Each structure stands twice: as structure tokens, then as C-alpha cells.
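I have a structure here, written as C-alpha cells, and I will follow up with some questions on it.
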Amino acid sequence: MQRIGVFICHCGTNIAATVDVKAVAEALGREPGVVFSTDYQYMCSESGQTLMRDAIREHKLSGVVVCSCSPRMHEATFRKAAEKEGLNPYMVEIANIREQVSWIHKDVAEATEKAIILGRAAIAKVHLNKPLTAGESPVTKRALVIGGGIAGIQTALDIAEAGFEVDIVEKEPTIGGKMAQIDKTFPTLDCAACILTPKMVDVAQNDKIKIFSYSEVESVKGFVGNFKVAIRKKARFVDEDKCTGCGICTEKCPQKKVPNEFNMGLDTRRAIYIPFAQAVPKVATIDANYCTMMKTGKCGVCQKVCGVGAIDYKQQDVIVEREYGAIVAATGFNPMKPTQYDELGYSTCEDVVTSLELERLMNAAGPTAGTLLRPSDKKHPHTVVFVQCVGSRCDAENEKGKPYCSKICCMYTAKHAMLIREKYPDTEVYVFYIDVRTPGKNFDEFYRRAVEQYGVHYVKGQVGKVVEDNGVLKVQASDLLSGEQLHIDADLVVLATAVEPDKSARSIATMLTASMDTNDFFTEAHAKLRPVESPTAGIFLSGVCQGPKDIPETVSQASAAAAKVIGLLAKDKLTCNPCVAESDELLCNGCSSCEKVCPYGAITYADKEFRGPNRTTLIRRVASVNPAVCQGCGACTVACPSGAMDLKGFSNRQIMAEVDAICKM
Amino acid sequence: MQDVNYRPKIVAFCCNWCSYAGADLAGSSRLAYPADVKIIRVPCSCRVNPLFILRAFQRGADGVIMAGCHPGDCHYTSGNYFARRRMTLLFSMLDYLGIERERTRVEWISAAEGAKFSKTMNEFAATIAALGENKRLEDLRCKK
Amino acid sequence: MKKLSSAKLNEFFAAIAASKALYLPVDNKSGKAEYKKWEAGEEMSKALNTVRSAKDFFFPQTENLMEFKMDGKRVEVIDTRAEAEDFVIFGVRACDAASFKILDSVYLVDPVDSYYKTRREHGVVVTLACGKPAETCFCKVFGIDAADPAGDVTAWETDGAYMLRANTEKGEALLDSVGALLEEGDEAAVAAAQAKTREIIERLPLSSLSTEGLGVGKTAELFDRPEWKTLSEACLGCGTCTFVCPTCQCYDVRDFDTGNGIKRFRCWDSCMYSDFTLMAHGNSRNSQVERFRQRFMHKLVYYPDRNNGTFGCVGCGRCLSRCPISMNIVKVMKTMGGKNK
Amino acid sequence: MQEMMKKRAIELLANGTCDRVLGWTNGDFAYDQTPALFRTEQELEEGFVYNGFSAANLSKYLVKECRAGGKILVFLKPCDTYSFNQLVAEHRIKREMIYVIGVACDGKADVEKLKEQGIDGITAIKEEGDTYVVSTIYGDKTVKKEDVLAERCVNCKSRKHMVYDELIGEAGDVIADCGRFDMVEKLEAMTPDERYEFWRGVLSRCIRCNACRNVCPACTCEQCIFDNPKSGVAQKAAANSFEENMFHIIRAFHVAGRCTDCGECSRVCPENIPLHLLNRKFIKDVNTFYGTYQAGEDPAAKPPLGRYEKNDIEPGEAGGVKA
């Protein structure tokens, strides 16, 4: 029989206001095996932990039940405290009476009764708990960063700085990401390229960093410290080692009509191309969808002009297998295509553009060489209307848009408005907004400059309709403050479209077994306390893939993720989860059912000699689990009909004991 | 006659990574659901053995729900896919034996879906309350 | 000797059922006979015998013994035996009737099994002589007369009537209680029915089965016979033979944890099971050969040894028709017994 | 047929291909055959039998025999070969230790069906074409084989051997339209209340003799959870309706995707419980939900519960309820 101590936490009033903690302590104190039961204001506090440790010592406790907040919050805290007192940490169980009781129930009697039942279930489990010892597994001292935007770049640089190897996998031909497309940055108005490209060069020159550009992650196996990743290097039909990036091929290529994605399709590029001048790696790529040689077998101009013989039309995709100790998701975002907002005329009017398109229209390296000309007639616009929150902050029911605020639009629109007014003072600029959100350092000052110094017309209201009429964009809007309907004849309309996680994020999350929220942003391990970690051990989050962010936030998070990775890679060994599967060889019949459902290949078989009846011996095939590889999912335990396979810490009997305690009449 | 004081007993097996966290989120968002629902934490939905479900009914549960990560989002890659097949077959068999199909349910609830967790549990509790006591898989020895 | 017109059979049943629970063989949905509580409209089965024996009435498959109730750290012991009802079993065959004596020899000797005893006292057994024994029948081998079964009352089915003979006070009382339905019996009709049955028995394939070489004092001779291995080779180790057997009397005592306490019950056990008489040190009979031998040695040697030569088998033939692999006591007797080979 | 088999077995014993033969041996009434091992020519000559009453599936005995060493000759009917393959797939028997002779089968007779026809006092049975001539103490009776065909053989799914080293008798075919799911469909078409009544009616007869489990070639656990006091779910007897249901649901679940539908469970049930209808439900569900799968057809096939598809049916769409 265990000697169990029960500790009921008040959590200030979080629990105690709804649960009669004294009654719970009293009721659970009467349970068989419970030798000590008490309540305390904050069990997680230093003095709460001391209370628990004193009780373990004085009452010779063999098991502990803490009725408190979610085990996801403080299970580790209480287990550590118990361990300090010499009690095996796995002899501690938590009954979640905050998230599952006090926070959702109002009636004290009902909440108290439920708290008692959950406490009994935890006690029933502890009765069957056994001390568990964690094993160890080695750490591969290399990290993988998926995505080569500013987030990935910063994370990689910081990890490399600490002396560890890092690979960056970028699906585009160059790293740089969205920041490379941006003209100026708020609130300082410094040039994005000027601050980004030196970092790109640092990456290229850092011998700890290896860039897999034009590559995608194919599969991920393994677990924290021991990931095995297959990377698909897509055929770019140019030998990366030979290509010098001289660009002669991109000038001579006769296929000139390829929409230029870097410039948001506002101009064209060649079939063989280098996305932009400062690309890293500065290597050409053939776009097989447009290349005449690839499509018809006739042309070969690039091959002829290439001085180093780098062109290889027969190049194939290559799969590279690499091992990593940690993986960082930095998959970034895309602005939502506003094609579903017909009323705003994006699909029908050339002069309705997105904000990122406007960035290119204002960029010196863009299609207009930095002169603001509208796409349709290449004329300078005199009236520009900005529409905020296109696709952001929508009702949950509205399937067209996103429920969240994209966070960066208010500031970059202020930036755009300000830049236009500065360069072209003859231009009238209107901004239609729901709210203007400027909670950042120097942000509100920046916005106020746009309004006060630059005379941008901020109108609280929504644009209902944009229709083109003879080259004029008729903008129909409502001014919510005056209650008037506005009709503006605009030359250019700019839509601040929602930030959307990159489409590849979902499949990458699946490979990483990292969880995502309903909007396809990666979920962090804890919203407040572990914001750069995924709940999946060894997976870290950097940049917008976790939620909308501006550049400084992205960079901070990227460095934070790097710090977490460094912390992991600095260890030689990792402590394994001791709650792993275990095979009872006396029961195992070697049928292999468990092996078939193990996602980690942790189960192996061997013929072993056993004692048969009446002093005979017999040889049987039995399963064994590699505890360093097993992650403790339990799939095998259900596949096993004889119950030979069981999961430590979540054994059949433990779970059934919880069931019994909960259902008890 | 149904006892007016009848409160159903509902066992919810929740995977540690998604649904249990979803329940935590429901809690921290104060999204209530009936106290009749009691959660058992399992590492993964694939840890839920049909034995546990029958056990719950035996011991007096009126409804059993299993909640796991959305298909494709399993923390262990494939656990919920196996769980889905197992539960599909088990539930189909229970139905075949004439045991009310509404008493068992599977939902995929992510860590971010506190609202869905609460909504699901409210709905399920209402379904079970309407069905009344589990008579077809009861073990009278376990009743008071 | 009393006589009951077949036309009045239902009235007779109704009259008995008015004061006592009446059980009789009824065909189930699979067309097999099983004992069922009689209700108006229920037809008695025409089958020779029930799949399960009549021992269930006195020695049910599971039976509550007591309960330990726990309230926190307090334990209370409660007797949970089912309340005894007065009952009548109608249509018990000679073999099953004979099996009751074997069960009595176990349960009614010191220490008396009070659960069993209570039920024996409350039950009235009405036997029914066999009209057409089957090829699997061999009760004769053990000195049982299928044409003249024991019991509190013995019944014979004759043309258009049942002849009833009370054998005990309980039997007398039963017949008295329904005396209004009965007429004076016809001994000659009984004798004719008996002669017919006995004539069939003589022609049955197992009529010449012998117990020679078996029984009292044969332990040493039979225990190490090599044939046990071959006989038991196909045995699945299931409990079918045991559970359909009217004389198997072994049980296990188990505790069931209800969450609020422990319900202690007993249930049939089978010596064919690998966990039979499992003890802390392990199992006393580790292989199926040993378990198989135990079952048949018990019926054919150990039991006679302790009971003046009475065999622990009544020749009902249930195990012959029910064993999944058709291994049975007759095959054992033929292999081990002297004269049968 | 029987003589050919006996002759071949004697040859294979003599030439050392095997050192023992697993077959069937006769009993007292022509129908009560017992699976038996034959080690000598004499034993074969005296006891070997194969006819319409050689019903037992011998494959499961190989689990024990493989442990004993040596090489075993086994006679397998078509349905038994599925069990054999399944046992090989699950590493319960060693293919290389076994010499398989596939024997043709045109369905086995059920003695209970004979008795239902009023035939009693049986002393001998002879096969004559498509009839059985039954000798009884009351004289000879002739019955058509098809009238006394065992339940499982009425819906025989295959007369094709999935595995053999040699074949005696004609090779048969898989019978696609065997109608083995007809009764399952009939049950499915009932209301839940009717289904409940049906199953309560039959399962309440269960005496937990474990014959179904012990004969089942898919039930080869070293120790069944229901026998293991440490499992927490051990039951020696079905104490009530819940335990009856529990045992049969879990047993069916444990063999789901592994059961070859050999029908032994129903054949041996002393209470005539149609246990195969539980297993067939799972087989039918697997076929419907996950594509046709026949356990034991291909020992290399991945079992349906050991694999998955990303777009598998949701439990709510199949049995439970999903909002």
C-alpha cells in the first residue's frame, strides 16, 4: 500500500473561490492509502513546495497527489520538488481542478464534488504508480532551419555564432524572403535591402551554415536530438558550384514573358533567372515551365552563352539525408490574395493593388524603378485610397477572411501614405480603417506624423465598393464618424490584405508532428512562457509562422528560438521520457502487431529461451522496446491483444483505475 | 421513469498534446461544460484501448468520448489514424450489438480549440442526458 | 403411482407454478433444450436432454458469497447470498438425478456447503424416465437405470399420460398439492415404457462399455500410462466438458472490485484450465497432459477410491457431443480400461 | 481420398520429409473425429481418417508442434490454409518446419443437423456420392449431404488453397458470391432494439467455457488477458450480461483484421452461439471501410489495423455519432 499525500492548491482564489478546498482535503484524506491531506494557498510557490517536501519527509510519503492547475503547467514543478526530497518524480500525479473545475463551474457544491472525484482518480492512479527512471539519448549537434526569410536567417546566424552547424532549407532559389521585397521599413524608414542583404551575405559566408536553396523538406523522422530529415533539392538545371552568377544567361534568354514573382507579377523576367541582384546564392535557375529548351528541346541559348558550362538540362531532383538535433520552423507568410473580394475590384481593375505590390511599385529595383506609376497606364496617380483590414479581423463565420488582426498593416500603410505624400505632395491619400493600431516603440508617433505632418486623410469606415469607370476608380465608402457616404474618384487603390501562413506550413507541421492552430499558425508550447517552442520537443518557432509579426519582433523571436536551440545542442545527452512502452516477455507471443503501428521503429524481436512446463525450455520470439527511441504514444499497447505491451506511467491498470474512480457510484 | 436528479456520467479520454490542452484552453477561457464530464489524460488517442471504453460503461459511465489531435496533426505522426480505425470498428460493433450508438463518440480537438472542446462536451453531455442511463452495457454489481 | 393426463400437463404445471418456481426443459432459439422458468404457454422440450445439466440449480455457475464494503478506511462484511426460493425442476433425466448424489457427497459432507444445502432443501426434483436414449448415452455402465430415475418424484411418459411416482416426502407433498389433477396410476403402462427404453439401451453402441481396470485402487497402475499423452494431444484446454458435466463440482472463489467494495463470488472452475488451483508457487499441473489426466483420473479412479467404488461419471454423454475435438471419457475408458481395448 | 492421403503420408514419413503427421482419427460414432498426430505407418493405417466429418481446423496445433521441433506434415482444407498463412504472418508457426498437403473439401457435415432430421442411435456413417448413409440402431437412413452441411460450409468463401506443398484432390476457386455476409446484413437492417434482443438472446447462453477462444487459430496469446489476473480484466466466468458482452466484444476486436472466418468458434460452441457473426461484422466493416481484405490470403499483406489512410472514414460515420 502506498503512503499518499494529497495537497489541494487554492491558486489564490482561482480554485478556492469555486472549490471548497477544505472539504476536498478532508474527503480525500479519508481515501485508502492517504496518510496526509492538506490545502494551501499556492502550492507552486516556494513555501508550497516546501510544505510538500516536509510532508514527504515527515509522513514517509511514497506517492503524492497535487490537486491544482493543469499538469501541463506545474507537473514538472511538483515532480522536481518531490525528487529533491528523494521521492521518485513519477510518483507524483496532478488532479487538474483549475482548468477542469474551478474555471468552468460556478456552483461550489458541484465543483467541489468534481474536484473530489478527480482527486480520487489521481489517488487511484498513484496507487499503481511505479518509480520510473529516465534513460538518455545523444544529441546531433546540428540544427535545421526551415525557411530562409529574415526569421530563418537570424536564427541560423545566431546558432552558427554559438559554434553549431546549421542548415537552411529554402524553397525559393534565394534566401531573403518577404523582407527582400520590401522597400522601406517602419518606423525608421530605412531601406529594407540595406539592412537585410548584409545578413544574407553573412549567411553565405558563414562556414557553419549550409544553404539548401530551391529545396524542400521531404520527410522528418526521429525525435528531439535525433532527427533524420530528407531534403529534396529541386533540379534548377544549373550547377550551383559552377555558376558564378554573372547573369549573362538571364540577359540572353529569348523567353522574356515570364511573370516576375519577385515583383509580384508586375513585370516579366526570363525563363532562366536570378530573382534579384543580391540573391544568395547568386545562382541562376531555369524555370522549366517556361524554358523553350525544356519544353521543345530547341533553344539552348543559355548553355551556349554560359562561360563555365553550368547549364545542365538533364539535372534531376536530389534527396539529401541529414541528421539534426533541433529543427526550427521559419516558414513565414504570404499576403492573402484578395481575389475573393470582388467588391474591391482587385480581380477586375489593374489599378487596385495589394500593399506588397505597392512596395514593388515604389522600390528603386522594382518594375517602375521606384517611380510611383499605376499599372494600367503607367501614369502618376493623384488620388490614392488605402483600404485596411482586407481579410483580417473577420467574423469567425465569415469564411472569406481571417479572424485575427494581421498586426503589421496599420504601420506599413502609414508608411506608404507618408512616403507617397513626401515624394508626391500633389497626391491626395485616403486611408480607410476600422481601428488604427500602433502599439510599438515609436509607432504612434509615426502614425501621427502621417496624419499631422503629411496630411494623410484617415477615415474611420469601410470601403463598400470600387468600380472602374474610364480609368477612374470610383470608390464608395462610409465615414463612420460623420455617418456620411463618401464617393472618391481614385487613381490607385491599395489593399492591406491579411497575413497568411505560407501554404507549405501545414505539410511541414505534419512532418514535424508540431501542432497548428485553426489558422495554420504553429502552436507554441505555452502561449506566454514558451512562445518560441512547439509542444513537440526539439521543434522551435521563428517568425510569422507562429503568428503575425513585424520585422523587429520577428528578429527577436528568431534570436530567442536560436537561444533555445543552442541550449539544446549544448547538451551532450538528453534525458528521455521514461513513460515508454515495455514488453512483458512472458506474455509476448511475438506476433508483430505492435511493430506495425510503431511510428519510430522502436520495437525489435528476438528469439529467446524460456522455461516451459515441467523443466523444459522453449524458444519464443518476443518483442523488446528501445526506450531511447520510443516516444511513449502507446499505439503498440492497444495493438497487443495479450496485454504484453504496456506503457509506463500510463499503464492499462492505471488508466482503468482512473476510469473506475471517475465512474464510481 | 427517469430519476429527476439523474446526472449522466461521462468519461472523456483526451490526448495530452491536443485535446487535453484544448480542455485547458477551454478552462482558461472560462468556457463552461457540464461537470458530468470527467477527463482522463492519455498520451495519445492511440493509447485508448477498447477495454477502457467498455470498462467505463461497466463502471457506470453513460457516455464515453475520445478526443485526439486532428488527423494529420498527431504528435506521434500516426497515432490518431490508428485510433480512428480502432474506434470506427469498435463503435460499429457496439451498434451491431444494439448498444446506443450515441453513447460513444470521437472528436478531433486541437490545443487551440478551447471553444470546440467546450461546445463538444456540452453537446455530448446533452446527448447523453437525453439518452438516460446506460442499461445495455451496465454491470449491476457496480451500482449502489 | 399417480397418473396425469397429457392434456392436463399445462394445468399441472400451472398448479405447481402457483406456489413454487417451476423449471423445465424448453427449446431455445437454436432448437436446443435448456431449463427455463415455466410460464403459461411454455412448451416442454421434446429433446432427450438439456445442453447444460441440471446441476446448475444446486451449484450455479456463479454465485455471490459475500461483500466487503469500504467507506474510506472502514471495511464491513456483508453476506450476499441470494434468497432461497422454493422450486421444482421437472424433467430431470436419470443421469442428472444420479449426479445430485455425487454433488451431495462433496457438498453435504463436513464441512457442509450451506449455499448448496439451502438450495437442495428448497428444490423438488421431478425426474422423467428416458424414452429414447441416444448413442452417446452410457449411464447403464455406472448402474443407472434410465428407465427408472431417482428424484423426489419419478415420471414416465406413456401414451396420452404421465405416470408419477413419489419417492420422497417432498415428492409426496408435491403430488398432494396438485392431487386434484391426478388419477390413480397404471403400473403396467410404466413397465411397458421401461421395457421399451431398456431394450433400446441394450442396442446402443456404448451398452457394452466396461469399467473394468478402472475405479478403486487403480491410481498406480494408470497414472503413468503413456496413452495419456496421445489422448490429450488434441485437447484444447477449454472448459466445455467440465461445464456441461453434471458431476463436475470444482469452483474458484474470486473477488470483484466494484469501486465501492469487493464482491466475493464463486464460479465454476475447470481442471482443464491452465490456472486451475494456481497457487503462489505456481501451478501444480503445468501441462495439458497433466490437466487432462487429472480430470479423468478424478472421475474414474480418485472419486471411486473415496466413495466406495461409485464412479464420478453418470454417463449422460454431454461431453461426447460437446467436446470441440471429440475427445471424451468414453475414449479414455476404452483406452485405459482393460476390457474395452 | 482418405486412402490417397494415408498412402502419401506413409510415403512422406518413410522418405523422411516429415517425422509426424497431423490429421484426424476416428471415434465411436463415425462423426466424432479427433485431431491426432501419427508417428508411424501403423498408427496411420489404424487410425487415419478423412471424410465429411473431418471438421477440425488443424492449423493451430502447429503452434505447439513447431516448438517441439522436427518436421510436421499437416493436412489442410482450403479454409484452414487461410489460418495457416495468418499464423505464418504472425510468426506463430515456422513455414519451413511444415509440409502442407492441401486437401480438397466439399463441405463438412454437422451431426446436429443429422439429428435434427430425427436420426438417432447412430452407429456408422458412409459417404455415397452426394449422400450419407447413416446406420442407426433403428436401421439405415440416407440423407443428402447438402441438407446436413455445417453452417460455416453453407457460406463457404473459398475452395482454393492459399498455401500448400502439394495438393490432393481437385483445386478449387474462391467463391466471391458466397453470401457469408447475408446474416450480418440482416442484423444490420434490424432496429437497435431488435439487434440488442438478438444478441442478448444468444450471448446469455454463453457458459464461458472458452472453447471458441481455445479453438481459434487467431487466439494464440501466451496467456489471454481474460485469464491473466494481472491484466485487471480477468474473468473466470461471465458473472452477468456485461461480462458476456465484454468477453465477446473484446475477443472479436482482438481478432479483427486477423480472423480468417474459418468458423471454428461457432462450430465448437456448446451453446450454438453464432459467434462467427461477430467476426464477420468486423470483416465486412473492414471490407467496406478500408477495402476488401481477406486475412490469410497473403501472409505479406499489412493487416487493416496495422495501417491507415489519411482519409479513412470517421468513427461517427460508421458507428458512433458525430455532430
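Should a chain be cited, it is by its letter among A, B, C and D, assigned in written order, with residues numbered from 1 in that chain.
In the analysis below, contacts are C-beta pairs under 8 Å (C-beta built on N, C-alpha and C of every residue); 3 or more make two chains touch, one makes a residue touch a chain.
Model, not experiment: these values are computed from the prediction.
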| item | value |
| --- | --- |
| Of A-C and C-D, pair with higher C-beta contact tally | C-D |
| Of all other chains, the one whose Cα centre sits farthest from chain D | A |
| Centroid distance [mean C-alpha coordinates] between chain D and chain C, Å | 30 |
| Separation of mean Cα positions, chain C and chain A [Å, integer] | 71 |
| For chain B paired with chain D, centre-to-centre distance based on mean C-alpha positions, whole Å | 36 |
| Between chain B and chain A, distance of the C-alpha-averaged centres to the nearest whole Å | 29 |
| Residue list for chain A, restricted to those that touch at least two other chains | 597, 639, 652, 656, 660, 663-665 |
| Multi-chain contact sites of chain C, meaning residues that touch two or more partners | 256, 259-260 |
| Chain B residues counted as touching two or more neighbouring chains | 50-51, 55, 59, 72, 78, 82, 86, 141-142, 144 |
| Topology of the chain contact graph, where touching chains are joined (line, ring, star, complete, other) | complete |
| Residue numbers on chain D that touch chain B, as the complex places them | 184, 187-188, 192-200, 225, 233, 239-240, 242-243, 245-246, 249-250, 252-253, 256, 278, 281-282, 285-286, 289-290, 304-305, 308-310, 312-316, 318-323 |
| Complex interface listing, chain C residues touching chain A | 70, 72-73, 257, 259-260, 286-287 |
| In the complex, chain D residues that touch chain A | 67, 90-92, 220-225, 228, 231-233, 254-255, 302-303, 305-307 |
| Contact set on chain B toward chain D in their complex | 50-51, 54-55, 57-58, 71-72, 78, 81-82, 84-107, 120, 123, 127, 136-141 |
| Chain D residues touching chain C - in the complex, by the definition given at the top | 27-29, 32-37, 56, 61, 111, 116, 120-123, 136-137, 201-202, 205, 207-211, 213-215, 223, 227, 229, 236-239, 264, 267-268, 270-272 |
